[in-house]
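Across the two complexes that follow, chain A remains constant while its partner is chain B and subsequently chain C.
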Partner chain A sequence: MLALERRLKQPRWLSFAVPIAAIAFSFALMALVLVATGHSPGTTYRRIWESAFTANGALTQTIVSATPLAFTGLAAAVAFRMNLFNIGGEGQLYFGSIFAAYAGIFLGRQGWPTATVIGAMVLAGMAGGTVLALVPGVLRAVFSTNEIITSLMLNYAAGYLLNYLIFDSHSYIRDATSPSAAVFPQGQMLPDSGSWPAWNLHLTSGGLFLPLGFVLAIAAAAVLWVLYNRTRFGFEVQVIGDSTRAARYAGMRTRRKILAVMAISGAVAGLGGASQDGDFRHLVDARGLQQSYYGYTGIVVAALARYNPFAVVLVAVLIGGLDNAGYTLQGADFPSGLVGVMKGIILFSALGAEVLIRYRVRFGRPHAEPAA
Partner chain B sequence: MINNSLLVVVIASGVAYGTPLLYAALGELLAERSGVLNLGVEGMMLVGAVTGFWTVQRVHTNSGIALALAILVAAIFGALMASIHAFLVITLRASQIVSGLALTIFAGAAGLSSYLGNDLNLGDNPARHSFGALFPASWQHWSVVGPILFSQNVLVYLSWLCVIAIWFYLSRTRQGLNLRAVGESPAAADAMGINVTRYRYVHVLVGGAFAGVGGATFTLAITPQWVDGITGGAGWIAIALVIFAFWRPELCLVGAYFFGALQALPSQLQAREIHVGPTELYNALPYLMTIVVLTLVSSGGARRRLGAPGALGLPYVREET
Partner chain C sequence: MESAVATAAPQRAAVALRGITKRFPGVLANDHVDFEAAEGEVHALLGENGAGKSTLSNILTGLYRPDEGEILLYGEPREFHSPREAIDAGIGMVHQHFRLVEPFTVAENVVLGEHGSDASFLVHPRVIERRVAEIGARYGLDIDPRAKIWQLSVGEQQRVEILKALYREAKILILDEPTAVLTPQEADALFVTLRAMALEGRTVIFISHKLHEVKAVADRVTVLRGGRSVATVPTADATPHSLAALMVGRDVEINRRVEDGRSPGERVLSVSNLSAAGDRGALAVKDVSLDVRAGEVLAVAGVAGNGQRELAEAITGMRSVTRGEVRVLGEPLHTGDPRAAIRAGIAHVPEDRLGTAVAPSLSIASNVVLKSYRTSLASRGPLLLLEKIREGAASLIHLYDVKAPGPATPARQLSGGNLQKVVLGREFAGEPKVLIAASPTRGLDVGAIESVHAYLREAAARGLAILLISEDLDEILALADRIAVMYEGQIVGEVDAGTATVEEIGLLMAGHAE
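Moving on to the complex of A and B:
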């Protein structure tokens, strides 16, 4: 019989060794799946590795895929640290994209300079995410309504709002004039001043471009790390996360923290939406955003990173690499669902491996822990 | 002709579109009643949809047997998917939210279901067998009850039996009462000698089987073919539906047909050139209404009276609670 005993102390090396072992395990497991379905694991892994990281320009594309995941991952990590399960990152990202597009198109048409337009888009995106995140936040703080369900439901409501604005109305952010829009409805192109810069680091032969959004994600990770590890606010949030009762006895204001944390979480996800407009898509891509599942993937990125902000960015690059390889390799000899299956197996392994960090696994009858 | 009136048509298609929602919601209800939230419904439905479809394409036998086999295969694969979630959250005590979402990513529209559909070349052909109306055409012409009750396929009638069976199970059998105890207060159930782990495993797996059947309803009855992501978010509506129905099977039935009718309404209105609000509003209504209902019932007392399982989402570890 398999028995679990809670570890009294969690050795530090375990929190590095276990996730790495989990990833190794999942690649081994995936190799079995590949062999069973008649694909060669060696070739498949080599092609994934090349098209994710080493091929010409591959790393740049991986950063493109990683940027939204870093934002949604950070958004989830911020809230989950407090046991506040905001799984609305998906919808909050849509709202960020919508708000940022309004700001970018409006101010760009007014002829504002690039820097101010970009700044306004950043702020508008954050505001958009916050607005949507505060709905479950207020409901939780005032009526103690379960935020898991409300934030999840709002993702779909936000998705339909996106469809309405781009496909089914005469909204300001829909393209009504260009010939291609007459064939298939699409978002209004942002003016040039709303297009975010990217910097070439000249690290690889094809150049490695860092988009502004990715830089902002790293900055956001740093800010959040400081907030949670060096401020009273962060300390209180973590106490509330560990024990609401203890926090209440210590006189901490739980309701305000719920609202504040939801607002921060939504702002970060919304910033991810603004980055989609400014960095990559240059319009509100209603279909593309909804097919990407950035919000949901971000939650598992956060879980894989064990809710550490810097680890979130790192894991986002890894998962982004897998996603990018999936797009690049899509074709007859590389089945479309393979990347999703691999992501799933990695996530399951990492989730299962968590238990090794928190518990000691014994085979046989459990016996008492010797006094420490 | 009354059978062509908007109301009758919308109700009849509400029943048809609501059936996959009903199966999936009944499954999720069983899992949640045992205290396990499974956000992987969409993924489990898609795997059920693709494996059920594969069965009718590849098994060469008469229509009835092939379809019965397909439903069985869909249920087995749905349960198989659920077993991953069950092992992670019950035995290994992983976060139910993260594990459920991981299951949807693993199995969903860009994962295993798409991989299988692709690898087994299921995309290009219509289903060789599919569920048709059970009753003779003359019955379907009866006014009102004809289209609503007698033009449906056998999966619809089967779902009614499931609703009755689950209602009976939850309220009239010892196992059903034990299940509610496990979802409400696992520590108390454990003290009574109920095997919490076994109850949770069984109900999460059966829940997965229901989701698989719900998914197969799409590929074998509603649109008998396979395309990636054919369920189109039905799994998420099913999760909403469980809450909307206060965790009660009989209300799941009503809610499923209501949500199904909301899905059917926009195209019917369009066909009749009636313009009342954008399509997207009708699509978003199930989600918005669930938020409203959940908020109305979320004060502590009302929640307990209405049936939200007290330990929903919490792992159970003896001696740690």
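Moving on to the complex of A and C:
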């Protein structure tokens, strides 16, 4: 017989040890799958490690994959901390990408200097995400509508808007001139002044490039950490997240906080969309964005990071590395499905192990215990 | 059913618990408890909160399994793997919080979950209703089997719970603090029912921490303290004082508020013609007017659910007001806004400690500044002064003798008494002019009740105006200067605490105004 007992105390080391043990466990489990499918676990794991982190340019590529996940992860974590389930990071990221593209293309064509164009793109991206996030925010604050449903549904609306702007209309951000665009519709390329910088840290042989977006993600994590742990605003969010009744009792303005937190969450996701335009894709990539599921993966990232902003960035890098390794591994001898299985096992173990932080497992029949 | 006809034969033990031990992480809830209740007996189980009464009854009803020890029913060792098995063995339980489905009728609730020997797929409402009415008539549990639960008063709902147990032919009935929700008159009626059941040879186990009730209804009493059974005595040989001493392990004072000859000061809280809607939309507070002066304790007595909670919430801004006004020191209060009430100097000790008074997962320190985080005590501009907050919490813990590892301990880990000290400390720290205290000692043990009462008396002596809302007459008599009685949303009478009798107040609580 197996019983779960609530832990009276949750030792601090557990919140580190449990995720690590979960990952170790998932690698062991995956080894069985690999052996069963005729692959050598040792070789496979070495290749994963290399292609995610140590190979030439691998870490740079991992950071490219991690950047959007860091943003959507932070967006989810910010809202979830207050028990506000903003599932709309996906759509808010699309909106960020659209708004940033408008700003970048318009100001770039006006001949504004690079720094201002980039600054405008950052602000526009944040505004885009905020606009979309405020829809479920206002509905929740005023009508107590379930924000999970509304923010999720708006993801589809945002996706359709993205398709409409790039495929079904002659919008300002659609490429109408280049020859390839005549065959396949695509977004308008951003002018050079709208291209975000990346810095080479010369840490690895192939160079380690830090894109501006990743730097902004780390900065956002720091700002959010201070906001949530050191300010009155963060205190109110903590109280509201724990007990709305206690918050009302203490005279807190819950509605305003819902709006503010949704706005912040949307802004962070929107910034992720702007970074997609400025750092990596240099156009509104309607299909690419929709096939990446950054918003949904961000929710998993936030959960794995237990809503801690810095941990979100770290987990985003790990998941980004795994994504990367997946691209490298899959081939004739290694079906892409196996990569998916692997990611699934890791996520399942990590999320499933959460319960061990709060509960302890007792084996044996309860009354068969020796007297204390 | 092997002995469906219980005879009034010589008293043999219906229930015997031997050496029952139950451990929870960090707590030894029952420590080798021995307990025996005879057929045809009303047996009280007396103890403070945390003495292990609930654990013991949960073991007897199959909800928990003991780590050690055995259960004997009519001499036979039994082991329950689920509540179902305990019910089948003839054990019925009336919980403090009723397990009833509100939109269903009495009869439907009675047969809910029932699938006995004659269980068929179809339900025969008329048959069930007739049986329910029969049982009700036999035990003086007067109730309409076709009434819906939500239409019934709390006392009537309790009768449904008892009917449920009787319908399932419970030979052993356990009642967990059944009088907590009743008027003194309703409680007396309940005692008559319990005696009738005992006379038929059933066993009634009556869990309580009220001494006079135990004296009134039980044949014998077993006292639990700290998870152990300390004594079993015939009630005829016990006095309230001897029982209290057994329960607490020392002598306790049971007395009224010491008259200290103070004359109440200026009028601090003034409520006039206040009306407020309840959760269901109907008016719960109807045209209530009252005044509380500095240094005075005005108690609002009443059976739960007569609008007292709503009154407290309306005054403290937690509930919007439909009519009337609240003034603090003559200044009209912007109602429906807790922040305005806090600013006006209204402190509030809400009835629901863990759900309203504190954010349970947050630290003691966070909860100490729950209301003052906007002031210079806890923040400068938008930034929190964490060190100052921690120190403030540490000094509150010291000042109020809160048993806690430290300011970082989550509030939910505190016992009820310690949590209430944190709440009181916080509310007093805001230098309030008036305190609204709703059931401030509900669920606390005798020691904690004493200290909460001491803090309230001290605060009144310092000149605080206190509006005490309580269902516990002992508490009201111990603290109040004046007593207003609330019934169905209205103040139906006011009596002087110095001269009022329990009977007088009880009649008002039941709606019998002169």
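In this text, the second predicted complex is superposed on the first by the 361 of 372 C-alpha atoms of A that agree within 3 Å, B and C clash if a C-alpha of one lies under 4 Å from a C-alpha of the other, contacts with A are read in each partner's own complex, and residues count from 1 in each chain.
The rule we apply is simple: a contact is a pair of C-beta atoms (placed from the backbone, for glycine too) under 8 Å apart; a residue touches a chain by one contact, two chains touch by 3 or more.
Predicted, not measured: the structure shown is a model, and the values here were computed from it.
**Student:** What is the contact status of A:R7 with respect to chain B (first) and chain C (second): first, second, both, or neither?
**Tutor:** In the superposed model, A:R7 contacts chain C only, not chain B.
**Student:** Kindly classify A:T204 by the partners it touches after superposition: chain B alone (first), chain C alone (second), both, or neither?
**Tutor:** It touches nothing on chain B or chain C.
**Student:** Counting only touches as set out at the top, which of chain B and chain C does A:T114 meet: first, second, both, neither?
**Tutor:** A:T114: touches no partner chain.
**Student:** Given the touch rule stated above, what does A:R230 touch, chain B (first), chain C (second), both, or neither?
**Tutor:** In the superposed model, A:R230 contacts chain C only, not chain B.
**Student:** Counting residues of chain A touched by each partner, does chain B or chain C come out ahead?
**Tutor:** Greater contact footprint in residues on chain A: B.
**Student:** So, A:A247: does it touch chain B (first), chain C (second), both, or neither?
**Tutor:** Second partner only.
**Student:** Return first, second, both or neither, reflecting whether A:Q238 touches chain B, chain C, both chains, or no partner chain.
**Tutor:** second
**Student:** So, does A:S15 touch the first partner chain B, the second partner chain C, both, or neither?
**Tutor:** Neither partner.
**Student:** Name the residues of chain A shared by its contacts with chain B and its contacts with chain C.
**Tutor:** Residues 6, which sit in both footprints.
**Student:** For a test of understanding, state which residues of chain A touch chain B in their complex under the given definition.
**Tutor:** For chain A paired with chain B, touching residues are 2, 4, 6, 37, 85, 87, 135, 139, 143-146, 148-150, 152-154, 156-157, 160-161, 163-164, 168-169, 293, 296-297, 299-300, 303, 335-341, 343-345, 347-348, 351-352, 354-355, 358-359.
**Student:** Which bits of chain B are touching chain A when the two form their complex?
**Tutor:** It comes out as residues 37, 39, 84, 87-88, 91-95, 97-99, 101-119, 228, 233, 236, 239-240, 243, 278-281, 283-284, 287-288, 290-291, 294-295, 298-300, 313, 317, 320.
**Student:** Within their complex, state which residues of chain A touch chain C.
**Tutor:** So the residues of chain A touching chain C come out as 5-8, 230-236, 238-239, 242-243, 245-253, 360, 366-367, 369, 371-372.
**Student:** Enumerate the contact residues on chain C facing chain A in the complex.
**Tutor:** It is residues 21, 23-26, 28, 65-68, 316-318, 337-342, 348, 350, 352, 355-362, 366, 369-371, 373-374, 379, 382-384, 386, 413 of chain C that touch chain A.
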